[in-house]
Each structure stands twice: as structure tokens, then as C-alpha cells.
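Below you'll find the structures, each written out as C-alpha cells.
Below are two complexes that have subunit A in common, paired first with subunit B and then with subunit C.
Take a look at the complex of A and B:
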């Protein structure tokens, strides 16, 4: 492994790799800073840019975009109280308060430092944990894989902050789309309507671009436009100083760990991680009353956590091919177009691509920090770009992206149709990420279950007997049922609390 | 002096193809300025690699033959198991401005599985040539309860369906090899398809299946997990050192199963001018015999064999179609093809 890391280090210090990592981090930051352009959308729109690159270059670029976009989302949140990405909502609460008090510079500086620390921590974990997970995963058989997929699906209801039922309904919609095309085991065509472009199903990347970009464009288009009176406030000095950072060390460490662990769990993403980290930081804080009124710890915890999600979330995606959230689903699309099929064998088949990719994330974190400190003055301008312009640019990029995936105009129509569906679903408060996970996970579950049934038949066992035949499978079944049970329990407890509050006449909001 | 050198070079390469000619031999043939080469799979795949490695050599040889250098570009049209790309190739203008890679037996299998728009493929594609065959390799899992492949096959004969065979599939060259082997030996396997070579290899390594069928590189990647290996060729595959020690089916199970594997050949839409087709074929033959090409191909792990040019490739195409016809009943019985 050390040898592979050393080889990879040589690859990433090439000027070309450095340039790509810098461009990726900078573009990610700028895209992320634009209100309405999430990290998922940034990657979905920039995947086509990598078509002509080598796999290594393409991944270095996309990885850097991921890191940059998660950081960049906080800039507009802190400056104008509009989150660039959902992951920045928790940062915004205290960040904007600080800006109002004239401490915007301090907020932005802390933001960069925390993102940097959280990001680097998670990449270290990724670098050392992923190969281990991959090694274990090599022993995984279809039966276990089926249960891992079911486990990932069981968390779908928890994605996003909205209603669990709506999350599940969106997931089921994804499962239905995922059944289109050839059956993974028999090749039988389903819902293909005699259209060859549908024979292999709806391409994930096209669905992603449609659901996230076109729905966002429609959303932006209906807006009354941004407040033109909005001005970027004077931010002043950004470097928080060594003493301040030293005081934040506990918060940084805790939040980085929380972010990485949350990233590992399928279904949870940067938005959830940042809220958990913020409330944990508040619990341990000496002055919790500061939170919500411009607490530097609030900014620090949320930002360290959401950037720490990056490394954590890449572990299940790279080692098992299971994306835990929409951003990694977009990255998964990026891997697939370069002929890389994520899974445990990727670490033995393509270490020459994977290790440079992982190491390049260190660079990406460094570059967005440098870019942040150096160019924030200019980046700040993009948060005021009129929404009409963003909508137009996103539409153009989306059309190019959908078309260039397979050079098929048919895909543009798939994209637009799903975009309109996505828009309607968003209007009705349905989360979109579960749709993508359904499209990806559905065929995986089906394929593995079918295989288990075939294997069981050959051994003259029933499917249940086959599942019970290996302790690894039994363990995963137990874990899956436990996770489902826990989420029911949590839902039940949450409802009880809510009822108690209503009974007490408290305001519970929406 | 330089001219002399070029002529010498051309003559040498022509000598190697077995025909001595003066250059440029086809100065009167009008070559399209731009030629697109359709690949029915994604950029970065093995078919794409073949096209990108081969075309620069082919361009040069066309120039040597006609005095004009075309500009050949790869166009990736993936989707529907290759059907989209092959359909585009079959409907392309018949003026020589489009050629493409056809993958066998995939072209024949897709046509058998559904009403492909390029059917009947034997009449739609004019063969240029082929020099790639990635032979099928059969591997026995080291923890399987059978000592040798022969034992496993005997077990599958005695108790049909009791031996599991994993491979990329369905409707892949590996899938076809499983059936060809079963029919020849009179055995019946439980075929377990995986969505690609890598997942099939992983399953083989984890011990999920007794036997795995793949190609040369699948074997090289999973060497440690196999206790018995055979290659489905009449003779050993010697183009690659690592494969020289692998027994043939005849040596291993005492029965020749034929020449099975995945092939990536070049074709043009049928009906292109005969002279143009001749130029393309000759340029292909010269390109694949260029030692520089061989070096470049081996470097990219392209498994090369002696080339079949023109009608020889056409004969091979017909054989592949016939083999699919022979095995059709098994595909139908397995539920992979509807009658």
C-alpha cells in the first residue's frame, strides 16, 4: 500500500494534476457559492467536461469539485443568508449573524479553516480505511450484497429533513424508473417501448442532470428574482489567528469525526452531518447561549462536519459501489463513464487510478483554502449573479451534459421529462435524492436476489435456507432489521415529543 | 533518399503481408477526407482502445496505398448492448466515410435476442478484417469439491444443474462458451450471470460459484483462486507468455470445444464501393502486421492473433452466426431469448 501511495504521489505532483485539482477546487467553490447550484448539480454538470480526459485526470478534477462545492456553499450563506448548497444551512445560522455584527471576515476565515481541517481528516480516514473495507468486501457474496443494498435502501426515508413517507415514496419512484431496460439476469426488456436508448435503462447521469438541474432551473425561473438591493458587506480581515483556532480544537476534532462517520452511513449526507455536529458542539460548549447569535463554534462545527462527509461518503461508494447520497451518485456516474466499476475489485484492478484520486483530495482541500483566502473578494461577487443568468447557464450545461453522455438526442428528452417531474415533486416537498438512489440501488438488489435464488436452486435449498447458510449474511440481516426498527422507534419518539409539545401549547412550526 | 527509404519501408511491410506491389497502388481511388470509426461501447473500454491504437496505423497505410491520408476519428455510440452503434454503422452512408468495430459474438447474439434494427447483420456489414480474439478461459474454484475441471464436468453430466458456472452475461461471449461447453460434453450447468467481468471475477474469488468462464485477463487476475484452468482453443494461446502454460480443452477434458472467445473486427456498411473496400482491407492487413502496431497493442493489453482479412473474416462471421444458431435452443430454454 505504501508503495502505491508513493507512486500516486508522483502522479499528483505533475503540473497537469496540480492544475486540474486547482481548477476543480476553484470551479467547485464558485459553483457552490452560487445560490441554487448544489454540490450534486455542480458535479452532474461538470462530469461531461471529463469525457475526453483520462480516468485519473477526470477523477482528480471531479473530486476537487466535490470538495470545493461543499466549502463554497457556505460563502453565500455567511454573506447574504442564502445557502449555496443544502449542506451550508447549518453554517449560515451563525455565519450570517456574525456578518451582521461586522465579523463577516472572521466567519469566512473560520469557515475556510474548519472546512480544510474536516476535509483533510476525512481524506486520511478514506486513505487508510477504504483499502481495508475493500479487502473485507472481496469476501462479500451476492447474498450479503443484497442485504447491504437493502440496508442502504432502509435509510432512504431518513434522507433530507422532510417527511419520511415522502422520502420513501420518492425512493419507490426511483425503483420504478430503475426497472426500465434489460433485466440484469435474463436480459428481458421491460418498459423499453421499443426504444433502443432505453434498453440499458435510464442512464443515471442523465436522470441526475434532469432531476437536479432542470427542476432547479424551473425553480429559479419562477422566482421573483433576487433582491437587487443586496450588497456584499465589508468583510475585513479573514485569518482568525492561531489562538482562536487552538481554542476551537475540540470542536474541530469532534465535528470532523462526526462528519466522517455520517458520511459513511448510506442515506445521510453533508446537510445532516453539519446539523448533528452543530448540536453536539452546542451540547459540549461552555457558552451554548451564543449559538444562533453568531457563535464562531457554530460556524466551525458545521463546516468541519460537512467537509468531513466527503471522505467518509467516498468509502462505501468506492469499495461497494453503493452511493450514500446524491453527490456520490453523481461521482459514481463519473467513474462509470471512464469504465471504472466501483466495487472491492477496483482497489486491486485500478490502484493506479484510485490512489492518485484519493491523494488528490488532499490537494483539493488545500487549494480551496488557498483560493478562498486569496480570491474571496471576487468569489463573493458570484453570490449576486442574477438567477436568470444562473438558470440559463445551467440549462445550457445540462443539455450538453445529457447529450454528450451517449451522443444521443433521446437522452435530452429523458432529461427534460425527469426535470419537469422533479420540479413538480419538489413543489410538493418530495426529496429528490431518494429517486437517484432508487434508480441505482433497485437493479442492484434485484440482480443479487435473483442470483441468490439461482444459486440456492442449484444447491436444492430454499432462498431463506441459503441466507441462513453463512453467518456473514445472518449478521447483515440482523443489522438491517435493527436499523429499520430503530428508525421506526425514532419516528415514534419524535411524534410523541411533538404531541407533548402541542399538548403544552408550544409552537412547533412546520 | 528519403523517398527511397519510404518506398523501402512500404515494400517491406507489403512483403510481410505476402504481396509485392508498387506504391501508391490505388492512386485513382478517391478516399473520403474524414472517416468516422463507430465503436458501440464507451470510451475507455477494450473496443475503444483497439480503435484508438489501430486507426493511426491504418490511416498511414491508406496513405501509402493511395497517396492521400484520411483523417479517421473514433465515434463512441454506446447503448443497448451495442445495438445503437451497430445500427448506426449499418445505416451509415455507403461512401466509405464510416467504418466501425463489430463485436462477435455479441452482434449475432443481440440479433437473436430481439429484432435488432441492423438485422440481418451478415448482409449489412462488409468485412474488413480482424486480428483480435480474446479466448475464453474456464477456471475451477480452488475450494470447489471437484478436483479437476473434468470431474466438475462429469458431475454436471451425472446430476444436471448441480455445478454453478459464473460469467459476465447474459448474452456475452462467456455465456455462449458455457453453453458450447455444456452441449459438447453433454453436461448441464447452472449458469449464474454477473453484470461484467469484474463482478464475475470477484464472485469467483469469494467462492460463490464452482467454475468461472471469462477471457485471458480474467484468468490472469484471479490466478490464485483457481486450481484447474483450460483455454477454449484448438491450440495453446502463445501470443502472451503468461498463457503459454494453460492447457487446451483437448488436453484438459479430452475434447476439443472449438475456438471460442470475444472478437473485435472491423467492418464497413455493406454496399460501399468495391475499390474502397479493397483499399481498406489491404490497409488493415498492412497495419496489423506492422511491428510497431503489435508493440502498441500488446502494451495496451490487446490480445492479438493472426489476422483474418476480407472474405476470411466474412467466413468467420458466418461461423459465429451458425454457432449462435446451434446454441439457440439452450438460450431459449434458459429464458434469455424468446422464440
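Take a look at the complex of A and C:
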């Protein structure tokens, strides 16, 4: 492994790689800073930029966009109280309070340092843990793999935000879209509607662009196109100082670990990690009453955790091919277009691409920090870009993204259709991330189930008997049913809390 | 008989629509050979089961009074606004293969930004021109990514 790391280091210090990492981090930061443009959308929109690049260059760029966008999301939250990404909501609570007190610069500086530390910590974990997980994953058989996929899908319902039942339904909807095209075992065409572009199924990148960009455009277009009332306040000095950072070392360490661990769990993204880390930081704080009133620890904990999710979330994606959240699903789409199939064999088949990608994330974290301290003062105005402009430009970029993947006009129609469906689902409070995960994981689940059925048939067993034959499979089945059971319990508890609030005359919103 | 309102009504409608679609989905699997039908059949079946659960939950919801206070006029205006936005994007999608990406995008950007209230108009023109030049330079000139071309450009 050390030899591969050394080879990768040589690749990433080439001027071209450094430039791509810097551009990716800077573009990710700027995109993430725009309210309404999430990290997922940033990657989905910038994937076409990599079509003509080599796989290594493309991944270095997309990885840097990921790191930059997660960090950049907090800028608008801190400055104008509008989070750029859902992951920045926890940061915004204290960050904006600090801005109101004239400490916006300190909040932004702490944000950069915490994101940097959290990001670098998680990449170290990724670098050393992923190959080990990949080695174990090579031993996984079809039956276990099938249940790992089902478990991943069920945890999305159990852990994801909002209604658990709707999360599970969205996941199943994605799994159904994933059945479109040719059945891998029999060659039967399903849901292709006599359209040759659908014979290979719905392309992940096209679905991603449609679901996340067009639905978001329609969402943005609901509001006012231009809000001239918003102004960026004077932020002052940004560097928090070594003494302040030293005081925050415990919060940084704890939040980085929480972020990385949460990132490993399918369904739990940066938004969940930042809230858990903030809550834990408050629990251990000497000044818990400061939280919500402009606590520097609040900003630090949320930011370290949400950037630490990056490395953690890449571990299941790279080693098992299972993206834990929508952002890694977008990144997985980037891998697929370069002919790389994520999974345990990726570490043995393409270490010359994988290790430079992982190492480049160190650079990406460094570059967004440099960009943040060096240029944020000048580019912060992007947070004021009117939503009307963002909506129209995102649509144009989405059309290029959908078309240029296969150079087919039909793909623009798929994108548009899925975008409208995605918008309707969002309005009905169905999450979109499980849909894209279902589209990716559906074919994997079906292929492994098919293999299991064939093996079971050969051994004259039923499929259930075959599953019960190995304790690992049984364990995964138990975990899956526990996750689904917990989802129902969570929905029940949520409803009861809502009823109690209504009974007490509290405002629960619409 | 208890009729759900607000968010609960939305869930009920969603559940009924999904139930109908799932029924159609289950039926569609009968066309496939048994091996190819198994997985989609399970998925449609599960979706149908969850939609029944969603309907059951929405009918049981007793918290509808406060949640139901939505201004009808505001809602209709929003629906109209969204329909126009969808129409504008649809028009863009239709025009792309006919006129080519850059021409269609130019027309679309001007109309959509104007509709969304971007003012003054020179800003609309500036953004449109800037975006088209940036896209051309980035995708066609530097990266060699194919964009749709048509009658004009």
C-alpha cells in the first residue's frame, strides 16, 4: 500500500493535478455558497466538465468539488442566514448570531479551520480504513451482498430526515426505476417502451441531474427572483488565532470522529452529522448556554463534522459500491462514466486511479482553506446572486449535463421528466436522495438475488432456506428488519410529539 | 367519517395515487417471464403495501386543523407560477434539438429570468451573454464536450 501511496503522491503533485484540485475546490466553494445549490447539485452539474478528462483527473476535480461544496455551504448561512446546503443549517445557528454581533470574520475563519481539520481527519481514515474494508469485502458472497444493499436502503428510512415511511417508499421507487432496461440474466426488456436509449436503463447521471437540478429549479422559482434587501455585513478579521484553535481542540477532535463515523452509515449525511456533533459539543461544553447565541464552539463542531463526513461516506462507496448519501451517489456517477465500477476489486484493479483520488482530497481540503482565507472576502457576494438567475442558469447547465453524457436528446427528456416527478415528490415531502440510491443499488440487488436464486435452485433449496444457511446473512436480515421496525417507531413517535404540540397550542407550522 | 386536511390530505392523495400506480406496476410484471418479473413484482408489491400504510396513517392523523390553514388564493397563484415555470423549461427542452443549445439557451435565459423578476433588463442581457460565452468557452472550446447543435448554432 505504501508503494501505491508514494506513486499516487507523484501523480497529485503534477501541475495539472494541482490546478484541477484547486479549481474543483474553488468552484465547489462558490457553488456551495450559493443558496439553493447543494453539494449534490454542484457535483451533478459539474460532472460534464470531466467527460473528456482522464479518470484520474476527473475524480481529482470532482473530489475537490465535493470538499469545497460542503465547506462553501456554510458561507451564506453565516453571512445572510440562508444555508447554502442542508449540512450548513447547524453552522448557521451560531454562525449568523456571531455575524450579527460583528464577529462574522471570526465565524468564517473558524468555519474554514474546522472544515479543514474535519476534512483532513476523515481522509486519513479513508486512506487507511478503505483498503482493509475492501479486503474483507472481497469475501462477501451474493447472499450477503444482497442483504447489505437492502440494509443500506432500509437505514435510509430509519435515519434520514422526515417521514421514515416516505423515505422507504422513495427508495423503493428508485429501485423500480433501476429495473428499467434489459434484465441481466434473461435479456428481457422491462419498462423500455420501445426506446433504444432505455435498453441500458436510466443513466445515473441523467437521473441525478434531473432529480436534483430541475426539481431544485422549480423549487427556487417558487420564491421571489430577486431580493435586493439582503446585504453582506462587514466581517472583519478572519483568522481566529492559534490560542482560540487550541481551545477548540477537543471539540474539533470529537466532531471529526463523529462526522467520519456518521459518514460511514448509509442514509446519514453531513446534515445529520453536524447536528449530532453540535449537540455533543454542547453536552461537553463549559458554556452550553452560549449555544444558539453565537457560540464559536457551535460553529466549530458543526463544520468539523460535516466536512469529516466526506472521507467516511466514501468508504462504503469505494469499497462496496454502496453510496451512503446523495452526494456520494453523484460522485459514484462520476466514477461510472469513466468506466470504473466501485467495489472491493477497485483497489486491486485500479489503484493507480483510486489512490491519487484519495490523496487529492488532502489537497482539496488545503485549497479550499487557502481559497477561503485568500479570496472569500471578494467572492462572498455570490451568496447574494438572485435565485431567479441561479434557477435559469442551473437549467441550462443541466441540459448540457444530461445531453453530453451519451449525446442523446432523449436523455434531456428523461432529465426533464424525472425533474418534474422529483419536484412533485418533494412537495409531497418525499426525500429525493433514496430515489437516486435506489436507481444505483437496484440493479446490484437484483443481480445478487438472481445469483442466490440460481444457487438455491441448484442445491434444491428455497431462497429463504439458502439465506438462512449462513449466520452473516441472518445477521444482516435481522439488522434490516430492525432498521425497518425502528423507522415505523420513529414515525409513530414523531406523530405523537406533533399531536402533543397541537394539544398544547404550540405552532407546528404548515 | 373523518376527512383529512392539509398535510394529511396531501398524504392521502399521494397514497392513493401511488397505490393506483403500484397496481398498474404489478400488472405490468405479468408481461415479463417469471425470472425477470420477480424483482419488479416484489418492489411494486412493497410500494403498494407502504402506500396502504401511508393512507392509514394519514386517515388517523388528528392534527389536521392547524395544518390545514392554507390560503387558497395563494395556493392557486403558486400552482400557476409553477405551471409556467415547467412550461418555460419544457419549451427550452423542445427548442434545444431544433435551434441548437446556444440559441435555445439564449432565448430561454432571457424569458425565464425576466419572468422570475430579474431587473433591470440590462442585467438579464448581461447574465445571458456572460453565461453563453462562459459555457461556450468551457464546454466547446476548452473541454471539447459535445452540446446539441441545431438550425442556428
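By our rule, the second predicted complex is superposed on the first by the 469 of 510 C-alpha atoms of A that agree within 3 Å, B and C clash if a C-alpha of one lies under 4 Å from a C-alpha of the other, contacts with A are read in each partner's own complex, and residues count from 1 in each chain.
As a convention for this text, a contact is a pair of C-beta atoms (placed from the backbone, for glycine too) under 8 Å apart; a residue touches a chain by one contact, two chains touch by 3 or more.
None of these values were measured; they are calculated from a predicted model.
Engineer: Quick one: is A:349 in contact with subunit B, with subunit C, with both, or with neither? Answer first, second, both or neither.
Structural biologist: first
Engineer: With the two structures laid over each other on chain A, which partner does A:462 touch: subunit B (first), subunit C (second), both, or neither?
Structural biologist: neither
Engineer: Once the shared chain is lined up, is A:341 touching subunit B (first), subunit C (second), both, or neither of them?
Structural biologist: Once the two structures are laid over each other on A, A:341 reaches subunit B alone.
Engineer: May I ask you to decide whether A:14 touches subunit B, subunit C, both, or neither, giving the answer as first, second, both or neither?
Structural biologist: Once the two structures are laid over each other on A, A:14 reaches no partner at all.
Engineer: Quick one: classify A:221 as touching subunit B (first), subunit C (second), both or neither.
Structural biologist: Once the two structures are laid over each other on A, A:221 reaches subunit C alone.
Engineer: Quick one: is A:185 in contact with subunit B, with subunit C, with both, or with neither? Answer first, second, both or neither.
Structural biologist: So A:185 meets both subunit B and subunit C here.
Engineer: Touch check for A:51: first (subunit B), second (subunit C), both, or neither?
Structural biologist: In the superposition, A:51 touches subunit B and subunit C alike.
Engineer: Of the two partners subunit B and subunit C, which one touches more residues belonging to subunit A?
Structural biologist: In the superposed model, C touches more residues of subunit A.
Engineer: Is A:449 in contact with subunit B, with subunit C, with both, or with neither (first, second, both, neither)?
Structural biologist: A:449: touches subunit C, not subunit B.
Engineer: Is A:197 touching anything from subunit B or subunit C once the two structures are fitted on A? First, second, both or neither.
Structural biologist: first
Engineer: After overlaying the two complexes on chain A, where does the subunit B footprint on subunit A coincide with the subunit C footprint?
Structural biologist: After superposing on chain A, subunit A residues 51-52, 185-186, 188, 407 contact both subunit B and subunit C.
Engineer: Quick check on the complex: what are the subunit B residues that touch subunit A?
Structural biologist: Its residues touching subunit A are 42-45, 75-81, 83-84, 87, 113-114, 117, 161-164, 170-171, 190, 192-196, 198-199, 201-203, 205-209, 221, 335-338.
Engineer: For a test of understanding, state which residues of subunit A touch subunit B in their complex under the given definition.
Structural biologist: Subunit A residues touching subunit B: 51-52, 55, 138-142, 182, 184-189, 196-197, 199-200, 337-339, 341, 343-346, 348-349, 406-408, 447, 451, 454-455, 457-458.
Engineer: Show which residues of subunit A lie in contact with subunit C when the two form their complex.
Structural biologist: Counting only subunit A, the residues touching subunit C are 48-49, 51-53, 165-166, 168-169, 172-173, 175-176, 179, 183, 185-186, 188, 190-191, 214, 217-218, 221-222, 224-226, 386-389, 391-393, 395-397, 399-400, 403-404, 407, 409, 412-413, 416, 419-420, 423, 428-430, 442, 445-446, 449-450, 453, 491, 495, 498-499, 502, 507-508, 510.
Engineer: Help me check something: in the complex, which residues belonging to subunit C touch subunit A?
Structural biologist: Per the stated touch rule, the residues are 6-7, 10-11, 14, 18, 25, 28, 32-33, 35-36, 38-40, 43-44, 46-47, 50-51, 53-54, 57, 61-63, 65-67, 69-70, 78, 81-82, 85-86, 89-90, 92-93, 96-97, 101, 105, 108-109, 112-113, 116-119, 127, 131, 135, 138-139, 143-148.
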